[in-house]
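In this document, chain identifiers A, B, C, D, E and F correspond to the written order of the chains, with residue numbering beginning at 1 in each.
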Amino acid sequence: MRPSKRQPEEMRAVSFERGISKHAEGSCLVKFGDTQVLCTASLEEKVPSWLRNSGKGWVTAEYGMLPRSTGDRMRREASSGKQGGRTLEIQRLIGRSLRSVVDLKALGEMQITVDCDVLQADGGTRTAAITGGFVALHDCLSWMQARHMISVERVLKDHVAAISCGIYEDTPVLDLDYAEDSAAATDANFVMTGKCGIVEVQGTAEGEPFSEEQFQALLALAKTGIARLVELQKMAVS
Amino acid sequence: MRPSKRQPEEMRAVSFERGISKHAEGSCLVKFGDTQVLCTASLEEKVPSWLRNSGKGWVTAEYGMLPRSTGDRMRREASSGKQGGRTLEIQRLIGRSLRSVVDLKALGEMQITVDCDVLQADGGTRTAAITGGFVALHDCLSWMQARHMISVERVLKDHVAAISCGIYEDTPVLDLDYAEDSAAATDANFVMTGKCGIVEVQGTAEGEPFSEEQFQALLALAKTGIARLVELQKMAVS
Amino acid sequence: MRPSKRQPEEMRAVSFERGISKHAEGSCLVKFGDTQVLCTASLEEKVPSWLRNSGKGWVTAEYGMLPRSTGDRMRREASSGKQGGRTLEIQRLIGRSLRSVVDLKALGEMQITVDCDVLQADGGTRTAAITGGFVALHDCLSWMQARHMISVERVLKDHVAAISCGIYEDTPVLDLDYAEDSAAATDANFVMTGKCGIVEVQGTAEGEPFSEEQFQALLALAKTGIARLVELQKMAVS
Amino acid sequence: MRPSKRQPEEMRAVSFERGISKHAEGSCLVKFGDTQVLCTASLEEKVPSWLRNSGKGWVTAEYGMLPRSTGDRMRREASSGKQGGRTLEIQRLIGRSLRSVVDLKALGEMQITVDCDVLQADGGTRTAAITGGFVALHDCLSWMQARHMISVERVLKDHVAAISCGIYEDTPVLDLDYAEDSAAATDANFVMTGKCGIVEVQGTAEGEPFSEEQFQALLALAKTGIARLVELQKMAVS
Amino acid sequence: MRPSKRQPEEMRAVSFERGISKHAEGSCLVKFGDTQVLCTASLEEKVPSWLRNSGKGWVTAEYGMLPRSTGDRMRREASSGKQGGRTLEIQRLIGRSLRSVVDLKALGEMQITVDCDVLQADGGTRTAAITGGFVALHDCLSWMQARHMISVERVLKDHVAAISCGIYEDTPVLDLDYAEDSAAATDANFVMTGKCGIVEVQGTAEGEPFSEEQFQALLALAKTGIARLVELQKMAVS
Amino acid sequence: MRPSKRQPEEMRAVSFERGISKHAEGSCLVKFGDTQVLCTASLEEKVPSWLRNSGKGWVTAEYGMLPRSTGDRMRREASSGKQGGRTLEIQRLIGRSLRSVVDLKALGEMQITVDCDVLQADGGTRTAAITGGFVALHDCLSWMQARHMISVERVLKDHVAAISCGIYEDTPVLDLDYAEDSAAATDANFVMTGKCGIVEVQGTAEGEPFSEEQFQALLALAKTGIARLVELQKMAVS
C-alpha cells in the first residue's frame, strides 16, 4: 500500500494555472499533488555567443528551490555562493527536454529562458518542472505569435512531459511523492513526447541494483503516465 | 494624478494569505497590489555561535527575487555566485525590523529565519516583506506556543510594519508602485511599530536633494499608512 | 555625560589633509577625532557600459577598512573573497551622496572613483568618508579644470557632508564615537548639502524603537553639524 | 560504417594498468582506446559528518579533465573557480556506481575517495572512469585486507562497470568514441554489475527523440559490453 | 645616471614612524622614499589548527595595496573576489621572513598577524613591508613583555630586513624605485638578518638572463643595504 | 648520506617522453626520479588583450597537482574554488622561465599555453615542470614550423632548465627528493639557460638563515646540474 493510498499506476492530481505572472511572456504554476513549481518563460532578443549569426535560437532553463520549500530549511544557493550539483543537473535536464520539441531554426535568433522555481516540494519537482515548463514555453510562443514573430505550429514540434517511477516495497509505482521517494529502492525519471518518443531516461538504483524486468515495468508505467500528462497539457493550452 | 489613479494618501489593496506552506512553521503570502512576497518562518534549534549559551535567541531574514518577478528578467543570484548589495541591504533591514519587536530572551536559544521571496514585483517589495514577514513570524511563534515552547505574548512585544512614501510630481504620496518609484524624485521607507515607535527611517534623494518640509510630509503619510497596516495585520492574525 | 566629555551638540575635531597622494588626481586624509579615512579620487576616461554614448559621466565610490583599523582585527575582505553587506551598503551610500551634488552631464563621459579606506576607526567612518570624499572629489575636479577638461563650478552644484547622531543615555548627541555608538539606543546618519537639502536620512533603532520627537531632535542636531562641516570644507578647499 | 571501422557491437581495446601510483592505496590507468583515465583510490580514516558514529563508511569520487586532454584546450576548472555542471554530474554518477557494490557497514567508518582524472579524452570518459575506478577501489580494499582492516570479499559485493551506446547513422553501436559521440543522435550510458543488475541507465536524445525499440537495442548491446568489461576486470584483479 | 640622481649604492631616505595605530599592539608606518607601507601587528590568543597543543606560536602576514596607491588605479581585491598571485606571493614571503627571526616555542601558543598595507607605492613595497613589519612585530612583542607574557629577548633572535637591487642601464644599483624597477633588466630581492644570515634570495631576469658576475654584484650591494637598514631599525626601536 | 644513497652532486634519473598526447601541439612526460609531470603545449591564435595588435605573442603556463600525486591526498583545487598561493607562484615562475628564451616578436600574435600537471610528486615538481615544459614548448614550435608558421631557430633563443639544491644535514646537495626536501634547512631553485645565463634564483631558509658561503656552494652545484639537464634536453629534441 502506498503512503498516499494511491494505486500503483495512479498519479497525483495535476493542475496547470496559466498566466499567473504579470511580467513573463509565458507562465504556469504547475502542481503535482503538494509539489508546486512556478514556471516562467522569458523572451530575450539575444542568443548565446556560439549561436550568433547562425539564424538559430535557443531554449534554456534554470531551476531553484525556495529555502523552505522542503521539510527542513535548505541553505539558499545565492547565499552559499554557488548552485549545487543537483541543481545544475536538473536545470540541464529541463533545458534539454524542452529543446527536444523545439525547432530552433524556426524560432530564429532569440532565446527563451524557462525559470522553474519550486515553491513547495513533495517529490517529483524535476518532472513537474519539465511538464509545467512546457506550458510556460507554449504560452511564450503564443505571445510571440500574437505579435507575428513566429508560428507556434512551426516552432513547437510536439508536446513533452516527464514523470517519475520507482520500486516501492517491491512494487513498481508511478509518480513518487516524497514519502515514497525517500524509501524507494529504485528511482527513474522519464521524459517523453506526445508521440511516445523518448527524450530522456534516467534510472538509478538507490541501494540494490535492479533487474531488467523491473526496469521494463517502470518504462511501461511511465508511458501511461506521460500519455495522461500530455492530455492534460492539451486541455490546459487549448 | 498618480498612474494608478490612487489618491496621494491611498495605499494599494493589501492582503495576507496565511498558512500557505505545508512545511514552514509560519507562512504568509503578502500582496501590496501586484507586489507578491512569499514569507516563511523556519524554526531551528541552534543559534549563531556568538549567542551560544547566552540564553537568547535570534531572528534573521533572507530576501530574494525570482528571476522573472520583474519586468525584465534579472540574473539569478545563485548563478551569479553572490547576493548583490541591494539584496544584502534589504535582508539586513528585514531582520533588524523584526527583531525590534521580539524579546530574544523570552524566545530562548532558538533561531527563526524569515525567508521573503518576491514572486512578483511592482514596487515596495521590502516594505511588503517586513509587513508580511511579521505575520509569518507571528504564526511561527503561535506554532511554538501550541507546543508549549514559548508564550507569544511574552516574545512578541508589538506589531511592526513598513511602508514607502515618495515625492511624485511634487506631491508626497503613499505606497509607491513601480511606475511611481522609478519616476519619483525622493523615496523613503519607514518601519514603525503598533505603538508608533520608529524602527527605521530611510530617505533617499534620487536626484535633487529634498527639503525638510517634504521629509516631514512623508513622515506624516507614513504614520497613517503604518497604522492601517497594523490594523490589517491584527485582523489577519486574530 | 558623554565618554569623551563632549557637549551633546559638540563634534569631534575635524580636519582635512589634502594632496597626500602622489598619484591620485584628488586626495584627502579626513579625521573626525580618532577616525581616519584616506580618500582618493581617481579619474578614468571610461564610463560604465549603460552610460556609453550618453554624454554623461559617473561618480562612484568604494569603501574598505584596514584589518586592524578596529579594536579587534577584522578579517581582510580580499582574503574572505567578498565584500560584506555592510561594506556594500556604505559604498553605495557614499556614491549616491557624492552624485547628489554633481552635474553628470557637465562632467562629460568620464568616471571618477572615490576610494575611502579607513586607516583607523572610532565611529562615524561612513560620515567621515562622505565628508572627506567630497574634498577629494573637489580636488580631482580642480585637477581637471587646470587641464581645461571641465569647469568645477558647472560640475559641482553644492557641498555635501554627513554626520551621525544618536540617543545616548536618553540624550540626543551629535557625532558618535565608537564608545557611544556601541552603547547608543538609536543611531542615525544624515547626508545634507550646503543649501540644507537632504540627500539621505538613515535612522535605526538598535534596541527599542524611538519616538518621533527623538527623531526630530536628531534631525535638528544634524543640521547644525552639517552646517559646520560644510564651513570646514569651504575653508579646506578655498 | 563506424569511423573507427569497428563492428556495431565491437568495443575498443580496453586495458587496465594497476599499481601505477607510488602513493595511492589503489590505482589504475584505464584505457578505452585513446581515452585514458588515471584512477586513484585514497583511504582516509574519517567519514562525512552525517555518518559519524554510524559504524558505516563511505565511497566517493571526484572527476577532472586535464586542460589539454581534449581536442581544443579547455579552461582549467581550478582557475575558473568552480567545477562545471558536467563535472559535478559525472562525479556524482561515479560515486553512486561504486557505492552500489560496496557494503558500507562492512567497510567500517572509513572513507575511500576515487579520483578519476582524464589524461586523454576520446569519448566515454565517464564509463572508463567507473570501470577503471572499480579496479582502483578493489586494489585499495586489497591493501586494507593485507593490513587486516577489512575482508575484500565482505566489502565488495560484486563487480561494476559502465559502457556507452548510441544510435550512429541509424545503427545502434557500442562504446562510442568522440567522432561518433559528437555525431550520434542518441547517447546512453549504462552502469551494471557482474550479476547483470542495473545500477544506472541514462539515455538522452541529442536531437530527435528515440523510440522504445531503439532503446531496447541499446540496452541489449550494453549488456554484452558490460559482461565483457567485467570479464576483463576479473582478469586484471585476479 | 639613476632617474632619482642617486648613486648606485645609495638607498632612498628610510623612516619608521612607530605607534601610529590606536588599536594595534604594534604598528609602524615605514617609508622608503615615496613608498609608504602601514604595518600593524595584531596579537590573537589562538593559533592555526595544526599548531594546537604544540606549545608553539605562529607569525603570519597579510599584504594589500590601496586601489590608488599606484599610478593607475588598480581593482580592489576585495571587490574582484580574490587575492592575486602577486599578493599571495608577497604575503607568504613577508611571513617566512619574519618567522626566520622568531623563536616560535618561546612565543607560546599565540599568533601575531602582521598586516602590511601599501598606502603609496613607488617600488620596493615588499622590502619596505618586511623591514617595517619587523618594527611592528618588535613593538607587539614589547607590548606583550610589558604584560609579562613573554621576553622579547628570548622570542626575537635577530633583526631581519629586506632590500631590492637590480641592473639598471648595465649598472648594479641598490633600492630600486618604480622608474628604475619598470626599466630594469634584472630585479632581485634579498632578505637578511642582522648577523648577515640569508633568509631569502629572489632574483629574476625580466628580459635577458643575467650573468653570475652580475648576480654577485647585486648580492654585495644588498649586504651593505641590509646592514644600513638594520642599523636604522635598531635606532628606531631602542 | 642522502636517503636515496646518491652522491651530493648526483641528480636523479631524468627522462623525457615526447609526443604522448594525441591532441596537444607539443607534449612531454618528464620524470625526475619518481616525480612525474605531464607537460602539454597548446597553441591558440589569440593573445591576451594587452598584446593585441602589438605583433608580439605570449607564452604562459598553468600548473596543477592531481589530488593523489602526493603522499596524503590533497584537496582538488577545482573543488576548493581557487588555486592556492603555491600554485599561482609556481605557474608564474614556469611562465617567466619559458618566456626568457622565447623571442615573442618572432612568435607573432599567437599564444602558447604550457600546462604542467603533476601525476606523481616526489620533490622538485617545479623544476621538472620547467625542464619538461621546455621540451613541450620546443615540440609545439616544431609543429608550427612544419606548417610554415614560424622558424624554431628564430623564436627559441636558447635552452632553459631548472634544478633544486639544498643543505641537507650540513651538506649542499643537488636535486632534492621529497625526503630531503622536507628535512632540508635550506632550499633553493635555480633556472638557467644553455649559455649559463641566470633566469631565476630563489633561495629560502626553512629554519635558520644560511650563510653566503653555503649559498655559493648551492649555486655551483646548480650550474653543473643545469648543464647536464640541457644536454639531456638536446638529446631529447634532436
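Some points to look at:
In this text, a contact is a pair of C-beta atoms (placed from the backbone, for glycine too) under 8 Å apart; a residue touches a chain by one contact, two chains touch by 3 or more.
Chain-to-protein mapping (UniProt): A, B, C, D, E, F = Ribonuclease PH.
Values in this document were obtained by computation on a predicted structure and should not be read as measured data.
Common partners of chain B (Ribonuclease PH) and chain C (Ribonuclease PH), by the touch rule above, are absent. Using the average of C-alpha coordinates as each chain's centre, B ends up farthest from chain F (Ribonuclease PH). Rotation angle, chain A (Ribonuclease PH) onto chain F (Ribonuclease PH), C-alpha superposition: 120 degrees, expressed as a multiple of 5.
Spacing of chain B (Ribonuclease PH) relative to chain F (Ribonuclease PH), judged by their CA centroids, is 59 angstrom.
The mean-CA centres of chain C (Ribonuclease PH) and chain E (Ribonuclease PH) are about 33 angstrom from one another, to the nearest whole unit. Centroid to centroid, with C-alpha atoms defining each point, chain A (Ribonuclease PH) and chain C (Ribonuclease PH) lie 51 Å apart. For chain F (Ribonuclease PH), the set of residues that touch two or more other chains comprises 82. Order of chains around the touching ring, counted from chain A (Ribonuclease PH) in the direction of chain D (Ribonuclease PH), is A, D, F, E, C, B. Residues of chain A (Ribonuclease PH) that touch chain D (Ribonuclease PH) in their complex: 82, 84-85, 88-89, 91-92, 96, 100, 158, 188, 192-193, 195-205, 207-212, 215, 219, 223.
Contacts from chain B (Ribonuclease PH) toward chain A (Ribonuclease PH) in the complex involve residues 21-24, 27, 34, 38, 40, 42, 44, 62, 64, 66-71, 73, 76-79, 81-83, 87, 113, 115, 117, 119-120, 122.
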